[in-house]
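Please go over the structures that come below.
Two complexes come next, and they have one chain in common, subunit A, joined by subunit B in the first and subunit C in the second.
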Partner chain A sequence: MLAYATRKLLISVPVLFLATLVAFLLVATVDPIAEQRVFLLSQPGGAEQVARLEASLGLDKPLLERYGIWLGELLRGDLGTSTENGRAVTSLLAEAIPVTMRLVVAATVFSVVFGVAVGVLSAVRKYTLFDNTTTFFAFLFFAMPVFWLGAVLKDLGIRFNDWWGRRIFFTIGEQSPRLDADFWGTWADRIGHIFLPALTLILIQLAATSRFQRSAMLDVLESDYIRTARAKGVPQRKVITRHALRNALLPIVSYTGLTFGTLIGGTVVTEVVFNWQGMGQLFLDSLLDGDVAVTQGWLLAVGVSVVLVNLCTDLLYGLLDPRVRYD
Partner chain B sequence: MTDLGSDISAHQVVVRAQWRTVLRRFGSHRLAVTALLLAIIGYAFTYFVEPLTGWNYKQLSADLSQGPSSAHWFGTDTIGHDMFAQSMRGLRVSIHVSIVVAAIATLLGTVLGAVQGWFRGRVDAGVGVLVDFLLILPLLPVLMVLATRTRAIGGSSLMFVAVVIGLFLWAPLARVVRGEVFAIREKEYIEAAAALGASNTRIIFRHLIPNVMSSVIVYATLTVATAILVETALAFLGFGIQPPEVSLGALVDEGRDSARTRWWLFYLPGAVLISLVLCVNFVGDGLRDALDPRQRKRP
Partner chain C sequence: MQFKARKRTAWLSTLLCLAFIAAGCGNDSSNRSSPTTTSDNPATPQATSTPTTAAPEPDQDRDPTAVVIGLEQEITNFNNLTSGDNLLAGRQITRAIYPTCTRTRPDFTFEPYFCEQLPTVINEDPLVVEYKLRADATWSDGTPVSSDDLVFYYENCNDAEDDCAATAGFDSAELEVVDSKTVRLSWAEGKPFVEYITLFSGPFPPAHLGRDWSDGFREDPGVVAGAFRVDEYNPGSDLTLVPNPTWFGEGPHIDEVTFRFISDVSNLPFALQNGEVDVIYPQPQVDLVDQIAALDGVSSTVTFGPAWEHITFNTTTVPLAVRRAIALALDRSFIVAALMHPFSPNAQPLGNRIFVNGQPKYLDNTPTEFSTRDVDAAKATLEEAGWAAGSDGIYNRDGNRLSLRIRTTGGNPRREQFQQLVQNQLGEAGIEVTIDNLPGGEIFAPVFGNDNDPPGPPGDFDLVIFAWVGGPLPASSSLQVFGTGSDSNPGAYVDDQVNDLLNRASVTLDFDRQADLLNQADVLMWDTLPNVPVYQLPFFLAYNNALSNLQDNPTLESFTWNLEDWRVS
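Then we have the complex of A and B:
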């Protein structure tokens, strides 16, 4: 296990390095002072001012040197400042990440738990009413774009509130503005806000996860050792829980890691639909404003989290399945 | 003594090529056939919208914000666009984009996967790093950045968006093809080809790739569905295809704020989009059943 873990850790290092390179270079050639430049150059003595501005932002140096400086600052925990509002990128991220984390964690946990349950049940009861119903809904939600489902649930939530006469579902923001409540009140408010966006992501994720789990379970149920277990008279319930389920649960671990990047994309879209002030809005704003430092910091944070999540799922897989340690 | 030749002709041995078997099995999958027909008819229909309804997607009618009627099947938006013409245009754009994406991704995935599996060693490891990287890459944010970066050089044109998406979607197929090539490279017919002095190129393109076509076809269909969803999500966020060209994603984005008051602007383009993806997925499902002999028939 130690050799396996070391190997996986060592592989992550170049991937992380690649992630920093991509995060930096993808937007490095964007001019963060495009607007100011146009204005300044129309003014007398503007050229010197542009040069001063460039020097203060380090734009006068060659690209590779800037990357080196950025990487050095990064190791000291500094990702630069936003050219839009002068705030440190790290503090912008520190505000946005917990908001988005709530959504990502809720979506992951519930879609995996329900996905496994639905997938296993529909595999065990293949071609029954239950299986056919879940297959139908899986196909339906699998074909749905996240942004459409999000907007539909938002619309339905508002209609429900109107009909009920009270606001049950919150459809805008991650929590009520200027909320003055104690710890429990704050979390109750947050849960009211997270319900619909989380449901959006869960339904979409669940469609794929349950199908994946279903076929994993079917593969196991058709294997020889299950037939052996049945032949020696192990009761059906025990065959499912003791023999089949344990091995059928393995693929979902790496699957969760592999789809994490897709989930991030879905979260960005969902946050935009429900007007959350999280990572999605931060990213969108930074792109539209040409706020290079923020975009780079954002890509880096997401890149690192994706690599780490995949490292964790790889290690977990190695822990659960001894076979992969020796390939 | 009976004549062997007449005996055979009496029993009518029917020679069936593999693709005929596949076609027959696909044909027996009613849902998949219906979906394929619907998609083809829908696509052909986009060329007959103007003669049938009298509207094209650019025209502005005097009816503003009208609900669905016999004149405007999907109603009109606030500036008088006929939503049916717009949705059908969006449908055609989505189909074009997704087919280009699937073509690029399938070509890259098949060839690179086969090269990985055949050469193994360093080539495998080198491409493998790229595959691993692309597999976990959060595609949407990266495409959003690329869209803003390339706007100046036509980054929001239809083909450009398609090519860029295609360059990012080949990794899953490459991994599958690599695995299958690993399995068949030890077979006698590959050994025989190599022993007869066939070049690497010949072995890869004439012997390996034709034998992994089942997975390639199924993945190509899946890629079409993914491409549609990615393209519309980009358009929804405002980073994809730009007006006056139409995308179903952009239509849904414009309609979502008025979902309660002018429902047709939001729900109808969305329904077209979902129907398209559903059809593609059903076709993919049917192809998988037809191409994969291990799949058992329903009892």
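Then we have the complex of A and C:
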């Protein structure tokens, strides 16, 4: 297992390096002083000012040299400064990542748990009303744009609040500003805020996860060893939980890692729809403001997190399936 | 077996609970943003400082009241007067915490605010005006609001190169300090600044802290003079104001005003409907207005403000006869009905290019001939000028087809619709119109010219649609827009009589006389047609019915102009 883990870790190093290169190059070709350039060049002596500005930002250097400098600063933990508010990109990321992680954790855990449950039941009760219904809704949610589903859930949440006579679900922010509540009140407020955005992501993820799990489960249920177990008189419940499910769960581990990037994409949109000040809003603001350093930092953070999640997935897979680590 | 099943269920439940707890964990959003600035302003002044007037004691018998306002923008600098940070959101917040000499009421009239009275003319020529602050106006640390603050304002705004949002008036004035509460501004003989009443009316920051004008107020300094002080600011999320105990005036009647920054406008109606915000002031869109109108317990108002859209002619390429034919062929009422009635059925065609409807001096100067559409009269006007209809109905003269280019800011759906209506209506009168837009604000470089290298000449258009923004005192701005040779006169409009009237208005201190001259100029402009005014742009305010005393203010003061008067029932 140690050799397997070491091998996976070593493979991750060049991937991470590549992630830094892609994050840098994707944005470095954008001119961060485009607006100032137009204005300054229209002024007397503007060309010298532009040259000074370029020098101060290092834009007068070749691209690869700039990448080297950026990478050097990155290794020292410096991702640069936002041109919009003058704050360190690392501190902006440090604020935004925990906010987004709340959504990502909730969406991942719930979508996997429910996705597995729905997928297994659909496979076991193939072509029944339950299977057809879950299939219908799975495709329905899968086809829905995130922003639209978010808006629909907001509307439903508000209707529920009206019906209940009390505000249970919130449509903006991570928690109420200046919340003055006891421990349980604070938690109720936070859960009321996270419920709708998390549900948006869960439903999108759940659709794919349940279909994937159903397919994996059907494959396993049709394998020889399941037939043998049944022939030996092993009870159906035990066949499903002990023999089929354990093997059918393995692909879900890989699948969850692979869809992490998709989940981050969905989170970007969801955060905007629900006005969460996380990575999504940070990304959108940096794009709209042309804030190169923040966009690079964001791309790098997401790239690294995807690599790390997939590394964890590989390691977990190796832990769960001995065949993998002995290859 | 049953035990195992229960155990599995318990594990699953625990896992789900942990997931929600983990999801709920993380930094407290109220402390999330760094720097989270909680004002260090004490609730009461320092012992050494004695406010001249004690704030009224809050009513102990009533429940605490709080209002949440959803804003699309976020404040970027607590000094809203810098050129880079002169955002509407900044104004909406800082006007509640910082002083202004006067303030503009929703009907465009002025009233003294931190000044004892409206600025007083000491001498007419050369013009000398006195600005006297209230004796009881103090900063929350006990320092009086004084001449030093006005000097700080003036010194940072008296040069066009200063980092100041509005230097007009200051840049041609000399300042004299009369006493600790009074300053005088004087202008050169024969060059009065007739809008002197508007000076010192931006919310100005305290001078005595010794901070830098441009960057010293990016964080709340904790010293205020208005009805409110900043109690908590979480950048990116929210900002909360609470009453300032050293405020000299009556009110405020609300214990907490929280501004929540909600950048996506589509979130606002949901938040209002769900009671997460109580007031919203979004850019009006028809579907948004309809959505809000359907909500119970919510009031909304549409106010037509000082920004007005028009069709400006390039007078060098569109001769007067054609301009008159266009004015006759346009159905302005139909355009207003199509574009503005979805917001409010009260919208009317604008009949003046200097004052807007709602101002006391507004007169509908539209001549009878242009008040209703008359296609036959338009065709007759063209034919009198030597144009003849071609086989396709489009007029020609000397082999030149009457084909005009109309431009506007591409991507603006309302203007593009406006443009299409103009195209259709003029087409029916035999005037061909081709649409020639550029994306966004790129249209203004060819229209107004640009200073780039090589410099671009102005006037690359025949017709152009955009908006001018009027104001309570429009004499100087009207001269810039319609005066011969002005940079802001892209259509190269020339009318000596109009020039004379506008020049006289721009040095007339009697506001009634000034308005009379301006209206005379507008009447003349209906003859020579530099443009055709069509409609004013709307503002949209929606709020919870539990709130009272809200009144939109379409001037720069915006809807928070009387925040201290708001009440919660």
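The rule is simple: the second predicted complex is superposed on the first by the 310 of 327 C-alpha atoms of A that agree within 3 Å, B and C clash if a C-alpha of one lies under 4 Å from a C-alpha of the other, contacts with A are read in each partner's own complex, and residues count from 1 in each chain.
Assume a residue touches a chain if its C-beta (ideal position, glycine included) is under 8 Å from a C-beta of that chain, and two chains touch if they have at least 3 such contacts.
No experiment lies behind these values; they were computed from the predicted model shown.
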First, second, both or neither for A:148, with subunit B first and subunit C second: first
Contacts of A:101 with subunit B and subunit C, given as first, second, both or neither: second
Subunit B versus subunit C as contact partner of A:236, first or second or both or neither: neither
Subunit B versus subunit C as contact partner of A:302, first or second or both or neither: first
Partner chain in contact with A:139 - subunit B first, subunit C second, else both or neither: first
Partner chain in contact with A:215 - subunit B first, subunit C second, else both or neither: neither
Touched partner set for A:264, first subunit B, second subunit C, both or neither: first
First, second, both or neither for A:128, with subunit B first and subunit C second: neither
First (subunit B), second (subunit C), both or neither touched by A:27: first
Intersection of the subunit A residues that touch subunit B with those that touch subunit C: 151, 154-155, 158, 272-273
Complex contact set, residues of subunit A against subunit B: 14-15, 18, 22, 26-27, 29-30, 127, 139-140, 142-148, 151-152, 154-155, 158-159, 257-258, 260-262, 264-266, 268-269, 272-273, 283-284, 287-288, 295, 298-299, 302-303, 306-307, 310
In the complex with subunit A, residue positions of subunit C that touch it: 12, 15-16, 18-20, 22-30, 32-34, 66, 68, 70, 76, 232, 234-238, 240, 256, 258, 260, 262-264, 266-267, 270-271, 273-277, 450-453
Interface residues, subunit B side, partner subunit A - complex: 129, 132-133, 135-142, 144-146, 148-149, 225, 229, 232-233, 236-237, 239, 249, 252-253, 256, 259-260, 266-267, 270, 273-274, 277-278, 281-282, 298-299
Parts of subunit A lying in touch with subunit C, wherever the complex brings them together: 38, 41-43, 85, 91, 95, 98-99, 101-103, 105-106, 109-110, 113, 151, 154-155, 157-158, 161, 167, 169-179, 187, 190-191, 194, 198, 272-275, 277, 281, 285
